[in-house]
Amino acid sequence: MDEPLTVRPDFDRLRRTGDPEAIYGAGKSVAQIVAALRALTTAHPERAILVTRCSDEALTVCKRAFPTASIDEVGRTVVCGPLPSPHGSVAVVAAGTSDLPVAYEAMTTVRAMGSAPFLLADVGIAGLHRLLAQRDRIADADAIIAIAGMEGALPSVVGGLVGVPVIAVPTSVGYGLSMGGVTAMLAMLNSCAPGVVVVNIDNGYGAGVAAARIARAIGSARAGISSDA
Amino acid sequence: MDEPLTVRPDFDRLRRTGDPEAIYGAGKSVAQIVAALRALTTAHPERAILVTRCSDEALTVCKRAFPTASIDEVGRTVVCGPLPSPHGSVAVVAAGTSDLPVAYEAMTTVRAMGSAPFLLADVGIAGLHRLLAQRDRIADADAIIAIAGMEGALPSVVGGLVGVPVIAVPTSVGYGLSMGGVTAMLAMLNSCAPGVVVVNIDNGYGAGVAAARIARAIGSARAGISSDA
Amino acid sequence: MDEPLTVRPDFDRLRRTGDPEAIYGAGKSVAQIVAALRALTTAHPERAILVTRCSDEALTVCKRAFPTASIDEVGRTVVCGPLPSPHGSVAVVAAGTSDLPVAYEAMTTVRAMGSAPFLLADVGIAGLHRLLAQRDRIADADAIIAIAGMEGALPSVVGGLVGVPVIAVPTSVGYGLSMGGVTAMLAMLNSCAPGVVVVNIDNGYGAGVAAARIARAIGSARAGISSDA
Amino acid sequence: MDEPLTVRPDFDRLRRTGDPEAIYGAGKSVAQIVAALRALTTAHPERAILVTRCSDEALTVCKRAFPTASIDEVGRTVVCGPLPSPHGSVAVVAAGTSDLPVAYEAMTTVRAMGSAPFLLADVGIAGLHRLLAQRDRIADADAIIAIAGMEGALPSVVGGLVGVPVIAVPTSVGYGLSMGGVTAMLAMLNSCAPGVVVVNIDNGYGAGVAAARIARAIGSARAGISSDA
Amino acid sequence: MDEPLTVRPDFDRLRRTGDPEAIYGAGKSVAQIVAALRALTTAHPERAILVTRCSDEALTVCKRAFPTASIDEVGRTVVCGPLPSPHGSVAVVAAGTSDLPVAYEAMTTVRAMGSAPFLLADVGIAGLHRLLAQRDRIADADAIIAIAGMEGALPSVVGGLVGVPVIAVPTSVGYGLSMGGVTAMLAMLNSCAPGVVVVNIDNGYGAGVAAARIARAIGSARAGISSDA
Amino acid sequence: MDEPLTVRPDFDRLRRTGDPEAIYGAGKSVAQIVAALRALTTAHPERAILVTRCSDEALTVCKRAFPTASIDEVGRTVVCGPLPSPHGSVAVVAAGTSDLPVAYEAMTTVRAMGSAPFLLADVGIAGLHRLLAQRDRIADADAIIAIAGMEGALPSVVGGLVGVPVIAVPTSVGYGLSMGGVTAMLAMLNSCAPGVVVVNIDNGYGAGVAAARIARAIGSARAGISSDA
Amino acid sequence: MDEPLTVRPDFDRLRRTGDPEAIYGAGKSVAQIVAALRALTTAHPERAILVTRCSDEALTVCKRAFPTASIDEVGRTVVCGPLPSPHGSVAVVAAGTSDLPVAYEAMTTVRAMGSAPFLLADVGIAGLHRLLAQRDRIADADAIIAIAGMEGALPSVVGGLVGVPVIAVPTSVGYGLSMGGVTAMLAMLNSCAPGVVVVNIDNGYGAGVAAARIARAIGSARAGISSDA
Amino acid sequence: MDEPLTVRPDFDRLRRTGDPEAIYGAGKSVAQIVAALRALTTAHPERAILVTRCSDEALTVCKRAFPTASIDEVGRTVVCGPLPSPHGSVAVVAAGTSDLPVAYEAMTTVRAMGSAPFLLADVGIAGLHRLLAQRDRIADADAIIAIAGMEGALPSVVGGLVGVPVIAVPTSVGYGLSMGGVTAMLAMLNSCAPGVVVVNIDNGYGAGVAAARIARAIGSARAGISSDA
């Protein structure tokens, strides 16, 4: 029972899946985060390493320990190391102000995984005109991340407007019987628009990985580059 | 233990609430339905009596037993007795074909309770253009009944377009984790559009009573008639 | 990823729905609340703007920043700007002492949306005589908001006594398996009294919007004023 | 693996608890029911044996096999053997017509376990006047069984009117999100009236045993008889 | 909106149900508790008034404000005023150490409502011999309150040993998927021992009221006193 | 109330989203299915129209009414009209024999929406060697559909082996507490492999649409064709 | 899409885990069962092959197709091929008559997997004396399978009496809120007796495999045989 | 009501089950823990006594009060008294870093109950190669404890690789809809690998007791020692 409580990253993942392991910051001590980030950036000097769900303290310590790292206080992420050239584009569509932290986590992930994100915020369905005004921008993306809490209807409306793959992210925004995002998640899984796929509640990172893989494969193919995810 | 299993209607309800008791057909024998309908039409000869959730057999027997009754095989209702003059209007907005039985139950209830319903069908949110094309008709109603299954987003979209009171009816249409309408109901209770109120799953009757009371009070006031619900 | 975290109100909502956007204070910083309130009162100088779910700090700061605003510490609301003339009346019926914050939020909303609320408190069903003594006052209202936690039976009893539209609000009052209001909400959705409609748990604001729209339409029609919600 | 599938009653239970084992008919073959009933009536010739949840076939076969048995087709029970002298009285209060099968099962159980039941039917809370008219009869009972489906509010109202012990029975009557009686059960467990206790959904038998034990103990004490349950 | 937030006790309850209203301390300010306790002790000088779920602060303040009150720091109750003569007896049977606060609340309630409680603690079913050793004491009580968390099996075992009415109280003791007492409650509602009735999670007060009403009716009848609950 | 119960397809969807509306056969009469299929094939003669969830009767009638249609009795689909040229490839990976109907529905959808599916069956995780043997074939696909019931672990294992986008489909295969696929769905939403996205239970169609959109965009880009979904 | 719907057993499992694959009969056609049984008995002529969850038709057809097979109509199993010598013993303890099918499935599995089962039936906790009378027989087993529905308390009581490993099997026996075995399963997972482990609802097969592996390892070691599971 | 709140250990448990009672530290005061530990070590001087779920304060105080005790800050356990000679071995297999506290609690329990644990950490299924590399070490153990959060698939994969009894422990590691370990627990109960048994969420102690009883019985038999659990 004297094994130390170290973090052992999966250094082989980049070879198998085309992306290095990311560090999920929640539930880890700041020391564990720093150690893991140092190990992964050393092992993969040519690729940006992503840390998600950082506490205020973790953001501060990382800023000091990795001066060149890029810190996002809204999405609570740290990115350290050279970003890959972006291929393809991802529209990140968010219903309300409170969904922005999840949107920022998704955007940072998309960028770190090699695609180009852009944000359309405050386009919730109680004010449809704002969303309809952006229809053409959305239709031009290679993948869409649609983020909403409460009744979670935004991905269905988006999925009825365009034929781009839609990744829906339920958020824990809401009150009463929103049940921490379960209502939104159930609504998204029952979308009447075909082809909407869903990730876990508040999982901007997961949506970002999926969207980046789709968009960069399309973008790479368009550019005549063979991707090997 | 020799009490007979008779149905005892609440004859006093018309006086207290302005509407006679309706007969909920499900779980009652055809003989019980006929007996209750006879008792209520006798007690209230001046008002139409409504039977809901009738089986095929109940519809057939009522047609024979009450030749002047109006039978609706889609909404599974029987109406017997003189309809009150309609006051005000109610828009019944239904997302898909499968929601029509609930919509018909709601319309029949609205009419029997003294208001004028009209139907807008197949205006689900996966094809927004159809709903937007009807915006002005909906805005002119005194109350709206918005009916949807699956992700249940229709009432939120309607509630963002107009300021008329919206009564949302979740339906048990859907599959997988739609859970017999629970997903739609949760979504409606968490609507981001203010003022949306909700009734139980598939409860077209309850929505019809609520909408009729609202619309006929407005319509009566407009006509200078004092209502006394 | 350099978009600022601003709040962007939906200034068009007043035109579409007849009511300006309200500000949901929970989950917003005090600075965001003040900014949104300033933007909305500037855009709609002729109508009162409502802020709900304010923290103690938000109430204090708003009192200083908007000296003419009306502050309610029980219902945790701020109202800023000229109140519309009230049309129609809304009875707010609350089961117990602990339901009063929700009742106050509902009353403030009703008043800000243009109708006249009055409160009947402590009329829970374990002491029926108190409720029965108020039957006639309730029957004279144009709409009723019935608020209860625990077993949530009050709206059913009220709905059996009068024919006025009843909007039921479950509250998170209770303990053990009251499950934060879910039991009361389920009970209200399954009411044996016809025409009871339901809003989300603790959602006094939503009930207030719905009731005000109903009551002011009736009151306006009675007064010969055409409303255009 | 050649053990026969026989039913082995607990013949010692009468000595331990004062009541012989009852036979739960559901899920047993008619042959198993007849064998168990024969074994128990033989073992306890001085006490009535109760069979609950009988299918049509089981009722018919028992009528033939036990000609002196008392058969109740509504409550689906068979009682065979001499009934004990009744002590004390139990009011069985049922909200609606559909709750009567559960009420009859409860009444038969009360009688077979040695107390005197009486029925008050159709006293649901949507028509309070009927219940209030019976207040004094209910207050005179030694125990009350209050039976309701849908929102399950009847026991709370009864518990606020009198101080007699109230045993609440939720029934699976209802539709939509009544969830087979769960809503009624949750409401009863959260009753705002003190002292309401609850049994499982549709469990008229369990309520009957509990009520009979209470009422016969009181009645026996009143009569100067020492009971030894 | 200037109604004060006062507590209005139901002074009529003693006349209707035989017991004065108790004060549920949770969710009330200390000032509200003191005011309610003063009002009820003044209205009913001949009967003890019970306060449950008191915070540390409420216990301290009540001790100062009502020097003759009896304070229980384990069960978190205050009793103020003359206790009624006890009639009948109630066995309070608790599975583990962590169930004692609920047991003490139940015992205080039983005593304040006019019966005599006695405690059997640490008789959980993982060590059956301790429970079996107390079988005869339990069988002599007029009512039993059986309290358990985790798998909640104690009431079933007790209900199989004796024929006394058993009121089961699930407690929120446990971890993992005990779900705050829901598992224990479900187990108790599904007891294979007939006649077990259940109250809400941790509701020692409700169990105490029900048990006291049963035991004092039996005890009074035995003593030749007519009770009028 | 004399509106006919017709089906009104959304003919505009092809223009908006690049795919014609599909017909969900469950809950529709055979006549409604035939009418909708005729209307859609007439409106879109250049594209295959898909019908899903067909009953035996619907398959038989469609075979007769549309002699050139392709019928799949396992996946319960009908495809009518010219298939688009396939672009890109989709690996459909199924855990067990019972998952094959969902796999076939997914494959038919992928093909009708313009990509090329191939099936890897019986590669459940209780026999890992079979899955590992196919690793390279899976890695070469442009998108993966991973289908599993029971504990739903297959998509996580696949997602740890390759970097291709994985769409997980929970199936209702299992027993006990598999709860009709909910367990598998929860497991998939909580996958420890990044980038796994999820559709509703048994929703092979939804997974097929999403996968086809991804794969055909990549395949088209590779072929130098501009897609306009 | 022309792959045939064949069943492909995992012939390698015997080598990896020491036991051949069993055939889960539910959801398979009789032809599929027969084919799989033939394939497995051919591949493993030295070991008995087990089929579980057989329909009446499957039992009949297997009896004809495999004349030497052993058929159990209560447990719905077929065993075909030579049984291994039994090592160690397993006590199968069942609460009630309705739990016997699960008990028989478990016993057949134990025997087919190489250990010796014995049955103790009708030892539910509402009649503790029967269970206590068997304490020593249970204590002598190498593993215990404890089977119960309703409140699921039997494994906790058994686990408090002896130190043998206890595998608990919840059954779907019960009614009302037993929820198809979920209540029993939750109770077993929350057992206050240490070391109780749980399998899925009605999963006699799973419990049998686990118990057989434990008992035969102990029995083999006792006999000086090295087992190589 | 003057009974003291003492802890009364079950000193007879060692005789009945072969293991002394362990002390569950959560929810007990430090003084209660110290008193119980002193009582049990005094009663059983020949056997180690285990305390689980200790707070930081409890660990510190125990270290001072019992200088010879062994303290584990990761698993939050205290062990005091002579360890029994170990028989048999238990592989403790943990998916991720966050599962280590549960793994350490399990290992300490295994050792205190008389078997020899060894740890295989960071072998989650998103990186299968690490697990496959340890297959032979796992296959040599007498029992396996497999610990995982999130989708909880590790025990299924392990159970497909070897024939050793597998005890699965779901952990509350995860986010979004992992629901505090419920998802992992459901997945484990629905494992497609036969013979996997499950304990409650985070219940390393329960898994340790079960595994130690299995392994020490096998190891003792192998060594020719008769165990008497």
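In order of appearance the chains are A, B, C, D, E, F, G and H, and numbering begins at 1 in each one.
One rule holds in what follows: a contact is a pair of C-beta atoms (placed from the backbone, for glycine too) under 8 Å apart; a residue touches a chain by one contact, two chains touch by 3 or more.
Quick caveat, the model's predicted, so the values are computed rather than measured.
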- Copies subunit B and subunit C touch via same or different residues, half shared test: same
- Item | Cα superposition angle of subunit C on its copy subunit G, in degrees to the nearest 5 | 180
- Item | Separation of subunit B from subunit G, taking each centre as the mean of its C-alpha atoms, in whole Å | 52
- Could you state the distance in Å from the CA-based centre of subunit B to that of subunit F? 37
- Go ahead and note the Å separation of the Cα centroids belonging to subunit E and subunit G. 44
- Task: At least two other chains touched by the same residue of subunit A: list those residues.
- Result: 13, 126-127, 159-161, 176-178, 182, 185, 189-190, 200
- Query: All pairs of touching chains?
  - Reply: A-B, A-C, A-F, A-H, B-C, B-D, B-F, C-D, C-E, D-E, D-G, E-G, E-H, F-G, F-H, G-H
- For the complex, which residues does subunit C have touching subunit D? 95-96, 124-128, 132, 150-153, 156-157, 159-161, 174, 176-179, 182-184, 186-193
- The subunit D residues in contact with subunit G across the complex are 1, 3, 5, 7-8, 10, 12-13, 26-28, 32, 53, 181-182, 185, 200-203
- Query: Once bound in the complex, which stretches of subunit F touch subunit G?
  - Reply: 72, 74-75, 97-98, 100, 104, 107-108, 111, 119, 121-122, 126-127, 129-130, 173, 175-178
- Item | In the complex, subunit C residues that touch subunit B | 13, 16-19, 22, 142, 159-165, 167, 185, 189-190, 194-200, 205-207, 209-210, 213-214, 217-219, 221-222, 229
